[in-house]
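Common to both upcoming complexes is chain A, partnered first by chain B, then by chain C.
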Partner chain A sequence: MTDQPTDRPEVRRPARRRPSRDAKLVVGLAVVGATVLFAIFGPMLTQDPRSSDNPVLVPPQPGHWLGTTSLGYDVLAQLAEGARGSLLVGVVAGLLAIVLSLVFGVVAGYARGATDEGLSLITNVMLVIPGLPLMIVVSSYLEVRSLWVVAIILGATAWPGAAVVLRLQARSLRSRDYVSAARVAGESTPRLLGMEILPNLLPLLTAQFLFAVVLSILGEAGLSYLGLGPNGSITWGTMLNEAQGGGALTRGAWWWFVPPGLMIAVLGCAMSLINFAIDEVIDPKLRQAPTAAKLQRKARKAGLDITSPAHDDDTPRPAPASRAPDPDDHKERVQA
Partner chain B sequence: MSTLEVRHLVKDFRVRDGLRRGTLRAVDDVSFTLAAGRTVAVVGESGSGKSTVARMIAQLETPTAGEILLDGEPIGRRGRALARYRNQVQMVFQDPFASLNPYHPVSYHLERPLRIHGVARGKEVTPAVHRLLRSVELDPPEVFAAKRPHEMSGGQRQRIAIARALAPGARFLVADEPVSMLDVSIRLGVLSLLARLQREENLGVLYITHDLATARHFSDEIVVMLRGDVVEQGPSDQVILDPQHDYTKTLLAAAPDPSRHGRLRDEVRAELAAQAS
Partner chain C sequence: MRFYARRVGFYALTLWIAVSLNFLLPRLLPGDPYTILLARLQRSGDVSPAVQNSLRLLLGATEDQSLWQQYVSYWGNLLRGDLGVSVTQFPTPVTDLIAGALPWTIGLVGTATILSFVLGVGLGAWAGWRRGSWVDGVIPSTTLLQSLPYFWVALLFIYVFSVELRWFPIIGAYDVFTFNGPELSWAFVGSVLYHAVLPAVTIIISSVGAWMLGMRNMMVSTLSEDYVMTAQAKGLHTRRIALTYAVRNAAIPSVNGFGVALAFVVAGSLVTEQVFSYPGLGKLMIEAVRNNDYALMQGVFLMITLAVLAALLVMDLVHGLIDPRARHRD
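Moving on to the complex of A and B:
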């Protein structure tokens, strides 16, 4: 139905006007890249984030480009140090989640039978346990929490969603002829998984990894905000926690809580943009979706009835004739 | 002389329809013997179980009952015995667009069986790959070795799949409808290639097809299958020229016959004229 309005010149829309997959990818990569650079080089260029030798609670000004906190910490320096902490937690947790989802997803999908049942059961149990409460319970149980411990807790709770997706894809891939052909050629099971199935899972794996990273950064922020984050480290989450404790909101110190909040939001958006671009590579149908939606809106505005299957002319037709004119009609006529 | 023998092969699949469970007998009591240098054709319509026979011989499915004998010995299903079996018995799949991993170049597809079965090692591998490519008439081999599956036509892909099957030095080849996904114009070329390789390597070929004409042309024996059962079995000419079972007769009648072409056209014209009047 969606490709029919393109026959009409007035509703045709040039493909280049919509934000392309490349635009999403470029913007996403640029923002993530800038954040990573900020995390690497920021702390070198700013002052000591743990130095309170500053005027207290001053708004943004030269020298303190993002102001200071109620204890005299420089917000920009903390933001840069926090970027390191948050990204480290995100990447470590994301990697752990991907490794776990590979074991529980791909192995289960490939093995089938009892192995599949067992691994799927664990995945499903983990899937229905609400993530944040579990993290809170585990974190509050541990007295001393380093950045790494928090990352491991987050990674160990972020994998089941990815495992479900990967299991289904692996099930589909394992029955492909090229996997059978490799088996006939004599490949071992680990090689079948690693060399035949895994490469074809890469786009999906990348998407799931980015998703796990976003989830972990958000999870870390949530934990830290509740005071259950890593002790002694600075992350965007601990900054928000301190801003809350220091009464930033009631004192109107927006420069204290807006930057870390914004960084989390922007980084999450950027990673999602990259994910959208990857999704469109995996499923080319998504590429047409925005155009199709626009075409429908436009057609509706132009007063076209696009809900009926036969809208090639205005008069409604009886059901059997409403089938779009296809080349077969033509063929039948020629043969007769 | 080496033989691959199939005795009373049976395959049941478990099926679920809603809450009901049952078994579907895809293959019921199939027996035949494949000898080196000979071709057996298994003919039947879709769903007749002929591909399941192929997959059982390639050890992609385990038979529910019956046995497969290689040179009179029951075949190994695990470990080194399985590796030895794979060395001897290889398979060409129906769809050349699905049977090559889109991620790997041609050279990878051919190198792996060479390495796994110890046919070539180290520096010998690349020349061996080139020899294989030349043997399936893909010249120049350097160009084709570097290509990825999506850069080639269906016929070229199927030639790669044949080369891969020959790489371990197999003595028996299971060809599961090797040309049914290819354009009619290139089918004969691929079939002739298979026939030539069979002569040169003295291969035993199991040719799965739904096309009785090519089955007669390329095979010594024909097995006709219908819904898992063997309905007729015998030397090719005997099955084609003197079909005993109704189903074989139907299959033969459905195949276009060049010698009857003129009469058929006249019949159609007469029918059309009758309709018009």
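Moving on to the complex of A and C:
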């Protein structure tokens, strides 16, 4: 430690917060990348996931690294094939949701007036109609469901939350000086939306996209678990459905139902980590206040009285540093 | 007054859209639910023309009536409280089955939601207060729990605590071997609580992280407000600053969210109920789907939507009553 007594928190802050945020981002990206690679190359390296010429319900062992199911399918092979199915559903549904939320959120927030009223009304209606029951009803009427159909059902119900967030942000961006300047300069509305508003929404859009992907993968798993997933395809959800039906729980076949859920859980956590990193970029208060408080506590422990005499061991103080760059900017975001 | 009219209008509109969706879905989507249903019904006994007619209205079999006439009669049936009869439990009307399942869902999911809120907001406030400390480092990571497939967590719990350790029962809401049906006795209440532990813990685990992170973030924001600094400068007691100045203001968004969460209680945990075979609305709906019991399925969906909308309306009205800003914003 090269702690110098005269070091003020403000000076050291940038060096301190970087590693933490980058660590979240790196771990998240690494796990997501590994899962994508597994989905692309896994099925090429494992045996046929629909081949039942294996011994039945054997625990993990060489040759069957994750054991087999009660019908003699290799769990690892199914997991690799299921990764393709689940990721495909998640990404397609996520893209659809983000496109819809752009239309219903950004356009509404920018347009104002009657367009805003109409689009917001649709968003609000979709927001209060319970999503999962609606998905169950729609899926049960469709007797043939491909992966794509399931993805569309999920995407079409996953967008309202993102639309609300994007609308508020677009509204606040709309009244910024640089947007007004562009408007006065005579830029067309599509160009304003595409070149001025959208780039500033990018971090938020990315976060909402990742969130929609996680939500859709979870939603697919839930639907498939209930037997309403894609027919004929293998996903992590259909694996769980078969494990439940095949009595994996009562027969103690943990290698059958733990891996698919674990894959979903790990992938979901990785995407959340990326989202945390993005959140801290969007809202500077979230990263500055805790760091400042920590530094003050440290300094006090080291015997430096940087504020008034402490009446408690760690009374948190309103960190002066957190009032930093642009107070107006904060207020707007907190209200949004 | 304008505020209340707008809110009531909005929910009335949403209800109309939901009912119309319910009416249109079986008619627009491919497949012929009415024929499947009637074939199943006739296997279980005679079907009176009145029942056939009511099912036809629900599911939209091709008939000489125009779509508009069907729509009008459909509303007529709904307003009379006729949601058709169930196939799985043949002559029982759908409304009776729903009435039997509703208390279980509200009891289990409602209690779990309240516990989750109290726990999450409490821990979140603590983490926000001690921002930057180890507590604050641990709490945000619990939101990762949200990314877990909650029904898979339920499966793990059943495997570990029910199958391997045999601490908790695998299925049901009470011990069906001891009790014939719900009764009023301490033994029965004990059995119900005992059976509710695992499902409730699953629901709490999957929802508590969101409360914690939301509260913690608001707490961090609130603590850097000027009025908190003023309070400290005045030399107020730490506890008073924490509770009256910080927590009370930081909790506003969480409390609003809590109202919404309460409203969605009936829609909340369909899959969890199915995993634990808990006799609530979720299990009822999923059993209906499995048995092509379309009338029951639609009835449950309608009931869930209605309950959610009614609860949200009440929340909005109460919110407007206690917070004048809400009335003026709209």
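The rule we apply is simple: the second predicted complex is superposed on the first by the 268 of 336 C-alpha atoms of A that agree within 3 Å, B and C clash if a C-alpha of one lies under 4 Å from a C-alpha of the other, contacts with A are read in each partner's own complex, and residues count from 1 in each chain.
The definition used in the following text is that a contact is a pair of C-beta atoms (placed from the backbone, for glycine too) under 8 Å apart; a residue touches a chain by one contact, two chains touch by 3 or more.
Given the structure is predicted, the values throughout are model-derived calculations rather than measurements.
Enquirer: Applying the touch criterion given at the start, work out whether A:L37 contacts chain B, chain C, both or neither, answering first, second, both or neither.
Expert: In the superposition, A:L37 touches no partner, neither chain B nor chain C.
Enquirer: Which partner, once the models are overlaid, touches more of chain A's residues, chain C or chain B?
Expert: Touched residues of chain A are more numerous for C.
Enquirer: Using the superposition on chain A described above, determine whether A:G186 touches chain B (first), chain C (second), both, or neither.
Expert: first
Enquirer: Check the residue A:P290 against both partner chains and state whether it touches chain B (first), chain C (second), both, or neither.
Expert: The second partner, chain C, only.
Enquirer: For A:R176, select first, second, both or neither according to whether it touches chain B, chain C, the two together, or no partner.
Expert: A:R176: touches chain B, not chain C.
Enquirer: For A:W254, using the defined touch cut-off, is the partner it touches chain B, chain C, both, or neither? Pick first, second, both or neither.
Expert: So A:W254 only meets chain C here.
Enquirer: Examine A:L168 and indicate which partner it touches, taking first as chain B and second as chain C; both and neither are also allowed.
Expert: Neither: A:L168 stays clear of chain B and chain C.
Enquirer: By the touch definition at the top of the document, which applies to A:I136: first (chain B), second (chain C), both, or neither?
Expert: Second partner only.
Enquirer: From the superposed pair, tell me which chain A residues show up as contacts to chain B and also as contacts to chain C.
Expert: In chain A, no position sits in both the chain B and chain C interfaces.
Enquirer: Can you check the complex and tell me which residues of chain A touch chain B?
Expert: 176-187, 195-196, 199-200, 336
Enquirer: Considering the complex alone, what residue numbers of chain A touch chain C?
Expert: Result: residues 121, 124-125, 128-130, 132-134, 136-138, 140-143, 214, 218, 221-222, 225-228, 240, 244, 249-250, 252, 254, 257-258, 260-261, 264-265, 267-269, 271-273, 276, 283, 285-286, 289-295, 297, 311-312, 314-319, 322-323, 334 of chain A touch chain C.
Enquirer: Along chain B, where are the residues that touch chain A in the complex?
Expert: Chain B residues touching chain A: 55, 58-60, 83, 86-87, 90-91, 93-95, 98-104, 112-113, 116-117, 161, 164-165, 167-168, 272.
Enquirer: Given the complex with chain A, which residues does chain C contribute to the contact?
Expert: Touch residues, chain C against chain A: 10-11, 13-14, 17-18, 21-22, 25-26, 29-31, 33, 129-133, 136, 140, 143-144, 146-149, 151-153, 155-156, 158-159, 163-164, 217, 220-221, 223-226, 228-229, 232, 238, 264, 267, 270-271, 274, 285-286, 289-290, 292, 294, 297-298, 300-301, 304-305, 308-309, 312.
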